[in-house]
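Some structures to go through are shown next.
Consider the two complexes below, in which subunit A is the common component and subunit B and subunit C are the respective partners.
Right, the complex of A and B next:
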């Protein structure tokens, strides 16, 4: 058995290496980008495809990815209707659309951002020797093999710089569309990087959607927050049910900067998000809320590291999962408080609501504290619908199914209601809450 | 209106109600008193249809129907209201929205149209005034973080909105200070009339100073051991339950 697994892992590696050769043959890449892509595939080779007991993939079964043959995504386009359906009204003049990782200027509209941001494509960004070197260097320290794989295949992402002191009221929406391909499922490597200048304030919505059935999107997003900047962030995952979605989100917070996010997941065949956050300078504050509502065999796995490197920083994490049918959710979160990061305040809470005997929720909250004057808390609960709450509602004339829907939606709404964009809240009601109504009907 | 005949019921293998018979007619107020553990709360939950309790024998007829055949929400829609001793907290459910849902469920059952939030708000304002509840409790989550007094006022508010035919109030007086007790009792007195009935479950005679019962029953070890008028409550207050439980059992 062990031998079979090793063979599988080896063949997965071989598959991706072959795919990379095809990628190099199919694209005439600039030398700068080639250097980056090669650094990515080298890191992939040294990290190796995760074996089933890999510490970062404790709850994630990657066997299906290992045994699937992927095709290169040609970088298709999508219809204007997809954009129209998924760009929120508040972001019509401030949206960036990437299809299969390729930036689509003709589908994007940045008119509301004029004078406040600078946008660079990969070619332009990589011509900056300093930036390229820092990206290549950071790849050498990369721990997530899928992030390395993204670097190996990323070719047309975007770099967005929010200018210092910019105040942008309209949320910037990044719409990531994945299309399927004929035959083998296609892999794409969307990548974008946002640099928020000093004292700038920005709102960002990232929505991932599928315009095709079976695909593997492997995204990397980076957020660098300069001193005293602020980001209000909302992630909406609405991918095709037959897709694999892996992502790594990197957040670096400098002095007094603030990142407040909500991550709403509708799930897919396999969705796995890796959030690496670093509070690097005093006074930084991070708030991450998340909610997943899963039915059938959907899966969402959240892997989070919050690193307190400096004193006087605050981090909050509050995640909720609702799992029904045979769905699976996991939360594997670690807070690391470095020596010297005194007066850290950190809390982490995960609540799971199980609606079926065959659903699965795993939680692994970790705290690693190397400073002695800190306030840290963490907790993880798993429960079912409370019988007494149900009875109470029934005695008020609500039917059992209405009462169950009310109880489950209220569980999710306590997170959904923290989203600051009304259009997104409405979207999440139909994307997530409607799944709960369907299941008690 | 309600006829309980030789009711035996319990939870799992334990029999808690051991042969209760009780008839409640329109316009009557019955107080059920008794020491801790006598089965008072169990009786109220059985009447409301809690799934944890099973009826082993006996019958409960409500307006000619077999009450035990009905689901809890059907009982509620038919006009039975249970005021909880410990109202549960439900985070995430907005109090006003919940009250409107309950109100509309009842209207639909009666074949009437639902009311929209604006119209309901007027109804709610009027009822909240009656139980002297601050408007801030509309926007709060259902019972979450309410004080003991506010929770009980919220129960009476629900009773006012649902206008039950038969209300069973389980220790509505427990945990109330004297002002809250007066407000809650006034609310109940405003709601009862010759067309409905009330079963008051209480441990103390104090509540009966405010809401005057027509009958008082003493429950002990799952049986009604004595029934009388409100003079019985005063006797109990003066002599304690031991006087009855030791002489009767």
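Right, the complex of A and C next:
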């Protein structure tokens, strides 16, 4: 059996390598971009496709991806209606649309951001030799094989620079649309990078949606926060049920910068998010909240690393998962406190609510601590609806199903309510909470 | 007891006074060992089996394990670092020269008896004063067994495993390898192929062991890996408490210890297994020498309402790699794990437990306390797994770490996997240092800083210590204080 698995892994690798050759043949790329893409595929080859016991993929079964043949994404377009449906009212004049990883200026509207941001496409960004070199260098240290794969296929992403001291009240929405092609599922590699200048304050909403059935979206997002800057961030995942979604989010925080995020996941056939966060200078603060509501065979796997490199930084993580039917949720999170990162405060809490015996909820909250004057704690629970709470509601005249819905929705609401954008909260109610109502009806 | 001057007559009084926390039990005993040539192949295993005059099923068991071992690789996932071990550079059998069957302690090699004396466990004294039977494993071969008669009156079998292979082959054949299969992991496979001796306990149905059973292990000959094998079977409605304590002499070559312990409980039975481990951890500054403690310990709660409880105090070894586990197969069975792991110097520990819930209404609790000092690294790694059919499973885990000094590290790697909606699992962990406020308070009351630290540390570990039998608890507290003497200041 071990042999069969190795073969599968090898064929997956071969599949992607062939796809990359096709990609190079099909596109005439600038030399700068070509250098980046090549560095990506080289890193992919040296990291190798993850075998089933890979520590970074403990709970993620990559077999189906390994055995699926993917097609190159032709770089599709989508109708203005799709964009209209998914752009929140608060961001109508501050939205960036990427379809299958390709930036669509005609579908985007940045009128509210004039004078506060600078936008560059890949061609332009890569002409900056320094930036290109730093990206190629960082690829050499890449540990996530899917992020390397993204670099190998990324061609038309965006770089957004928020100018120093900019105060942007309207949230910037990044809408990532994936279209499903006919025949083999297509792979896209959306990539965007946001650089927030000193003292700038910005709100960002990232929403991923599917305009098609089966696709493989492999996203990389980078956020660089300069001194004293602040980001309030929301991620909404509303992909097609038949899609594979891999993403890597990189966050670097400099002195006294703040990053506060909420990640709401509706799940898909296989969704895996890798968050790499680095608190690099004193006083940085990171807050990450997450909620997943999963039914049927949906899966969401969160892989998080919080690296405390400097003293006096604070990080909080609070994740909740509700799993029903045959769904699976996992959380694999590590807090690393470097030597010298004294007075670190870090906490991490994961609560799982299991509504079915066929579902799985796995957790691996890790701590790696190399400094002594720190306060670090983590907790992980798996449980079900409390019978006493249910009984109490029933004594007040609520039917069992209404009572269950009330308890499960309030479990999820505690995270959803931390989202600062009312439009997003409403969206999440219909996207996540309606699943719970449907289930108990 | 002035051990240092006894064991090192050349040491001056100054050495003794200035070097008080050096390894207390660092001495070797002059006993002729019957040592096999270095290296491992099928012939060595055949010779080993022949030497021990084993029945065929044992040789088959060993050879099967050896073949499996050849296909396996040394695990790389633990958070420990060490140079690759040359398995062909180890001699796989060392025994004190075989003696005739002994009638009394007087016939035992006086040198060996003196060794035990230094360890503070004079057999004759223990026989008289305490209610403890000691099956002393001296460098892989049992040399003395006391209290055997009294145990036999209750129908309890407590002997070396090589004896059990001859006397009770049907029990050994049925249970050996039933909890830790030969191919379970690299070191368990190696142990299955080459284990030399260990303890065997069988508690018959409806029997409460009249005393706590205890074995003192001691590694003696240089460059001899010790491969112990322990098998404890507790039949219906029975109870036994088993103590294991370890010390080892000081050497410059790393010594490998790859033991396997298997426990089986049938309906309503309970086994309580306690360990105090204080092997030589290597030189404090350079990390040279020291034992590699790669142990597979696992218990299977086979019967309904059965219970297995592990308590461990790990204070020694250069590297500890050990996960005493419970397979909760019987309905309503209970697994417990209480651990204190202290690392100092350059020690590395990756230890924890596995609780596998299979039966219905099973419960497990995990209390783990890690203390790291100096430049050491201390990791808790644990798995709580609830299978699909394990309805109403309950687990509570708590892993606390304490850091002493800014060069050490503490890690927690819990794996929590649930496949049953009625399971209730809780895990929490925290990391902290000894609070200056606490120390100040102690000192303001006239308690020296050193005693204050000792009190805080012992308080931190109290939940675990109270699980230990009395004499072990006292020893454990002393050990911890002794170990941390130079680390906090």
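Simple rule for what comes next: the second predicted complex is superposed on the first by the 441 of 441 C-alpha atoms of A that agree within 3 Å, B and C clash if a C-alpha of one lies under 4 Å from a C-alpha of the other, contacts with A are read in each partner's own complex, and residues count from 1 in each chain.
Going forward, a contact is a pair of C-beta atoms (placed from the backbone, for glycine too) under 8 Å apart; a residue touches a chain by one contact, two chains touch by 3 or more.
Since the model is a prediction, treat every value here as computed from it, not as a measurement.
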Query = With subunit A superposed, do subunit B and subunit C clash or fit?
reply = fit
Key: Contacts of A:411 with subunit B and subunit C, given as first, second, both or neither   = first
Remark   = Once both structures are overlaid, the C-alpha centre of subunit A sees subunit B and subunit C separated by an angle, to the nearest 10 degrees, of 70
Message = With both complexes superposed on chain A, which partner does A:14 reach: first (subunit B), second (subunit C), both or neither?
response = neither
Ask   = Between subunit B (first) and subunit C (second), which, if any, makes contact with A:376: first, second, both or neither?
value = second
Partner chain(s) touched by A:367 [first = subunit B, second = subunit C, both, neither] = second
Query = Which of the two partners, first being subunit B and second being subunit C, lies in contact with A:396: first, second, both, or neither?
reply = first
Query = subunit B or subunit C: which reaches more residues on subunit A?
reply = C
Task = Could you tell me if A:352 is touching subunit B, subunit C, both of them or neither one (first, second, both, neither)?
result = second
Ask   = Who does A:384 touch here: subunit B (first), subunit C (second), both, or neither?
value = second
Ask   = With both complexes placed on chain A, how many Å separate the closest C-alpha atoms of subunit B and subunit C?
value = 15
Request  = Show which residues of subunit A both subunit B and subunit C reach, each in its own complex.
outcome  = none
Ask   = Across the complex, what residues on subunit A touch subunit B?
value = 386-389, 391-400, 402-403, 406-407, 409-414
Note = In the complex, the residues of subunit A that touch subunit C are 55, 58-59, 339-340, 342, 352, 354-384
Message = Looking at the complex, which residues from subunit B come into contact with subunit A?
response = 48-52, 71-73, 75-77, 81-82, 84, 87-88, 90-93, 98, 101-102, 105-106, 109, 141, 158, 162
Message = Help me check something: in the complex, which residues belonging to subunit C touch subunit A?
response = 77, 386, 388, 391, 401, 403-433
